[in-house]
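Please find the structures below.
One chain, chain A, appears in both complexes that follow, with chain B as partner in the first and chain C in the second.
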Partner chain A sequence: MKYELQLKNIKEGFRKDVERLSQQKISNCYQCGKCSAGCPVAYAMEYPPTMAMRMIQLGMHDRLMSANTSWFCVSCETCTTRCPREIDIAKVMDTLKIMAQAGKYKLSDNEIPIFDWIFLKSIELTGKIYEIGMIGAYNMLSLNPFKDVFPMGVKMILKGKISFIPHLIYNPIEMIKNIRMFKRIKKKDRERIYEKNA
Partner chain B sequence: MARIGVFVCHCGTNIAGVVDVTRVAKYAETLPGVRISVDYKYMCSDPGQNTIIDAVKKYNLDRIVVAACSPRMHEGTFRKTIERAGLNPYLMEMANIREHVSWVHSDDKELATQKAMKVMEMAVAKVRRSEALSKMFASIEKRALVIGGGIAGIQAALDIAGAGYKVVLVEKEPSIGGRMAQLDKTFPTLDCSACILTPKMVAVSQDPNITLMTYAEVVEVCGYVGQFDVKIKQKAKSVNSKCIGCGVCVTKCPNRKSLSEFNEKLAPRKAIYTPFPQAVPNVPVIDRETCTFFKTGKCKICEKVCPTGAIEYTQQDEIIKEKFGAVVVATGFNIYDHSNYGEYGYGEIKDVISSLQFERLINSSGPTDGHVVRPSDHKEVKNVVFIQCVGSRDESKHRPYCSRVCCMYTAKQAMLLKDHYPETQSYVFYIDIRSAGKNYEEFVQKAQNDYGVVYLRGRVSKIYERGDKLIVKGADTLSGAQVEVEADMVVLANGLEPKANAKELAQLFHMSYDQYGFYNELHPKLAPVETAISGVFVAGCCISPKDIPDTVAQASATAAKVCALFSKEKLEVEPLIANVNQLTCSGCETCYNVCPYSAIEMEDKEVRRGDMRHVAKVLESVCKGCGACVGSCYCKAVDLKGFSDRQVMNQIETATTELSTND
Partner chain C sequence: MLKVAYFPGCSLSSTAKEYDVATRLVCEDLEIDLVEIPEWTCCGATTAHITSELTAAALPAKSLIWAEKHNMPITSPCSACFSRLKMAHLNMEKDPNLKKEVEEVTGETYNGKAEVLHLTRVMLEKYGLENIKAKIKKQLKGLKIACYYGCLMTRPAEVCENDRVENPMIMDNLVSALGAEPIKWYYKTECCGAAFSLTKTEIVRKLSGDILKEAKTCGADLVMVACPLCHSNLDARQPEISKLLKTDLNMPILYFTQVMGLALGYDYMDLMMNKHFIDPKPLLKSKGIL
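For the complex of A and B:
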């Protein structure tokens, strides 16, 4: 499919944002491909890490952020260890995810961000993982409501492995602390991401 | 009162772009003793120099200050200028307002201008106390020392000897030839390395002007251009000059415990050995580390079989003192040790070999007689993977530079393999192909098109063993695909790095080197074979990685420089040296001890009538004017001509006073 580079994107914005937030110098990348060569999940990615780095360099945020590349990264850090230009590629992938969640750039339309979001929401609200709520919400949002319900879900409920009542933090002070912590981190991330480029 | 002229240079916009030069020139006029102050676009140009000469005559000036670039750049130029104007050349001072001001303070023009004024004022303060000095001459020892017997050293020695001067060629290994002798074929013409090198090696051994010292090292250097005193350690060969090179001792030696350095540790070698059959000189040496006799006191087989009685176990290391006028350093390179690469097996996987090992394998006089077999099980190979940029362009391994020759030799090796075994398939993993040179790009294209070598653009991430195969995990970034190659052998294109002891040798000569240990040339473009130490020249891969044609060209260039030096009868030396006032010298010998050039001598002298004293004296031809003695003298008896205490104190006083702002 045809894609034209936006010259204004090359000059500003996306690359600087990623470089600032990840504190990595993406322009160092000389496209040797060692990260893609060693990546255990590159076969499933739309764009391998090397191409992701190039897309950041050229400011192709629309393509990169809507791809599954950063969401499929498992943070094994093979790429980081072997990068001859000393770029922490796993951290860059994390940064891309954070930026997507914060909503500054278009979010990928695959399910992983939804799962990540629900997972964190569950911890924010209950302090622990609330399995049934999480699975339910994920199934609803990913438009696949009966995924894993029969027979596994039913069996687990009958055996008491998962319950409908969430396990909460019993100390109310700790609970409040937990919620505040989430607020604080969210605010910080937001500030960091939307901060004007210096 | 001195009559000083100040000349401020714009250097195009180099200085004038930052510093307000007219203000500097105007400020100079307000300084005591300054008769005229001029600014001009290019002071070093012919009209610029003529301005100075005219001003000297018109205003009867006797001291000159040129506020321009670094004295390293143009001090010589302006000294000659004022000499032409009839002044003593040492009555000129340079105020460096380019490197020290405009280039480093381009962000604040006002402060830069003030600093330029100050720097110029300091030069005026210093020049006021300058004294006329006369040039000195030193004799030249017309013999050259060449360190390193690789192709660079051989070429330099042959060229210097060809011009009729005596040369001593010092080589650390038992034979000359160096890295080039290890190679099989050379790119891009694929001519046999040994065939073009050995005639030169023989020429060295037969040239009456060349003294060959193999198995020897330079251990100490003092002196200066024209007069280097060098101590060379001749390691004990344990074989004397009676040897005829028949090689019986090598065949009969029962000790095969050590690995051959020449064959890159692919084959064992005897304790008494010549590195390779065409060695020059063809005299074996005994490796005392491994020799059974030197370890246990028993054996002596080589002595028994030697037909001429040349074996001499009692030989000792010998220090030989020689005098030289000039030195050529051509110490060459090592290849990067790939055991630092964990992902390529830490050098533990036997079938992952270095490029030089491959050269030995495919060489018909190599350990396998030219059969390319796996070092682990001696099976023939089918699929071979070549990986480029191992220890080059890799910041994480502290080797960010490009080693320049690997792209070419990898293509060469892949082609040679196909020539020897047409059924093999080669894969080359590369990042970029750098084939700048005559016929180089065509050569690489030939490998891809005619020889069917598969070039994959990407670095390999991991090599591991599966059964008796090697699995190479790479990627092709052009298609975005991951690749896994099942290979029989992997050849790494190891980058080039300086010799392990290159830094120590540089320290002997006080040469400067970069963070990797490559020697710094005096100027990367305009003085590529000179070093900051006059009389010491460099050639070949000890400066930076380069191929054989460039190395040979550089070696010949050093020879030209040496011959130019030797063509003079006397050598002009700077008179900026130390001077002892023997009347105030207390004879404490501190300066004698601190002098790095041994230029101070203690003597018993009658300094006044009836006053015999132990005092210091400067050997004028040896002193380099470093000033260590001046700083160490307790009674201020030593002074440096051109940098006297009074001059420097004047400068400091000026530097510490406020800028007078009445302009």
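For the complex of A and C:
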């Protein structure tokens, strides 16, 4: 990767944004590479975690946010556990995804944002996960309607592992409270993510 | 009698019903009183913390607040739920601003006093290994078990507490106490692909395949897990993985409470082992356990 390092190229705003939202000091990273060495999905990433950290330091948001790196982070926290500079790298990856999903950057992955939206909608409306509805909706929206249906899905239904009836919170007051809570969270999140740098 | 607030989690009422059944049976036998939290909501799993930090803290907070009010330690048999409960508790402790926001959106106050424990720790530390040994009816002689911890009950280090992060021993100690042999292997805490099961399935097949291969190479008869997500990746996806690797892995995956249940004298159907994709019956019969 060729990148001319000049002071005028470094966009500090991106680093500050990520540092504020993740509460991690990314400028502490000294590029030892331990995170990438332990990362089980580094092989599938366009830029491994070490490089992602450097790109944040240098404010290269255009390249980093259009890469698959953060979307392929599986949140196993191996990097966080091993980082000698005590940076919670998994949380930084979360922050990148949060920023993209809040509309701050263009989404560079189709599958996970769709899945997240459906998953959280299920919690918002029923308080719990409604597996078969969620899988069905995900397959439809990701334009792959028969994914995992045969033989795994059919076998799961036959074994009674997936039920057609959603398990709801039975108390209607609690359900309304739950929906209200989600509304308040959305408002607060927007405020937090779009807050201007001090 | 040990009283514990019980957070079963969504998976335990669907894809991991057998884990719930086995857990309740074993706890009844050990006289651990599991009080299910009424009207618990989903912990939000991985999805919540990659979408919004506040959602990830607010969803488990409701259950934490309930447990704190009723003065009980809170436990979940699901590693993912446990991890979210624990992380929500720790994050609110570290960040008072987050705690304030959580209190605002849930409309309740949290004093940060809930004690979050994984079910393995409730059994081994609160209840005690010696007490478990006293209850055993059948020694699981000759069974070689690979204890698979995965990510969420060991990482980050704060979650793991007094066990070792890179080489946890809590389940191995349990296995030895039951009379079986915990094997030495190096994929104890590797990731199975977890939340990518539906979205990036090819990654799950590779990571879970590596784990199963390693368990086989190290001579395990079965893999013991404590997480419904690890279980579904290793068990329900195993036929696909076997096809991909062009070998017949045929490695039964059991929940730790099912293995305990066997030692406590319950049989195949009590523990709902028929629900697994890879049937453990031939193995357990050949070892004379069933």
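Heads up, the rule we're going with is that the second predicted complex is superposed on the first by the 171 of 198 C-alpha atoms of A that agree within 3 Å, B and C clash if a C-alpha of one lies under 4 Å from a C-alpha of the other, contacts with A are read in each partner's own complex, and residues count from 1 in each chain.
Methods note: a residue touches a chain if its C-beta (ideal position, glycine included) is under 8 Å from a C-beta of that chain, and two chains touch if they have at least 3 such contacts.
Keep in mind the model is a prediction, meaning the values are calculated, not measured.
Once the complexes are laid over each other on chain A, chain B and chain C both fit without any clash. Comparing chain B with chain C, the partner in contact with more residues of chain A is C. Between the Cα centres of chain B and chain C, as seen from that of chain A, there is an angle of 80°, stated in steps of 10. By the touch criterion stated above, A:D94 is placed in contact with chain C alone, chain B being left untouched.
With both structures placed on the common chain, the touch criterion links A:Y47 to chain B but leaves chain C unconnected. Legend: residue contacts after superposition of the two complexes on their common chain; A:M152 is shown touching chain C, with no touch to chain B.
Of the two partner chains placed around the shared chain by superposition, neither chain B nor chain C is touched by A:Q57. When both complexes are overlaid on chain A, the residue A:A37 reaches chain B alone and has no touch with chain C. Contacts of A:T80 after superposition: chain C is touched, whereas chain B is not reached.
Contacts of A:T69 after superposition on the shared chain: neither chain B nor chain C is touched.
For the overlaid pair of complexes, the smallest distance between C-alpha atoms of chain B and those of chain C rounds to 8 Å. Where the contact sets of chain A with chain B and with chain C meet, they give residues 78. Across the complex, chain A is touched by residues 10-11, 13-17, 39, 41-42, 44-55, 58-59, 95, 101, 104-107, 151, 155-157, 165, 190-191, 193-196, 198-201, 203, 207, 236-237, 239-240, 274-275, 277 of chain C. Chain B contributes residues 343, 389, 393-397, 431, 457-462, 473-477, 480, 482-483 to its touches with chain A in the complex.
Those residues of chain A that touch chain C in the shared complex are 21, 23, 40-41, 44, 72, 74-78, 80-81, 88, 93-94, 97-98, 101, 111-112, 115-116, 119-120, 122-123, 127-129, 131, 135, 138, 147-148, 151-152, 155-156, 159-163, 167, 169-171, 174, 177-178, 181-182, 184-185, 188-189, 192. Taken in their complex, chain A has these residues touching chain B: 30-39, 42-43, 47-48, 50-51, 78, 82-86.
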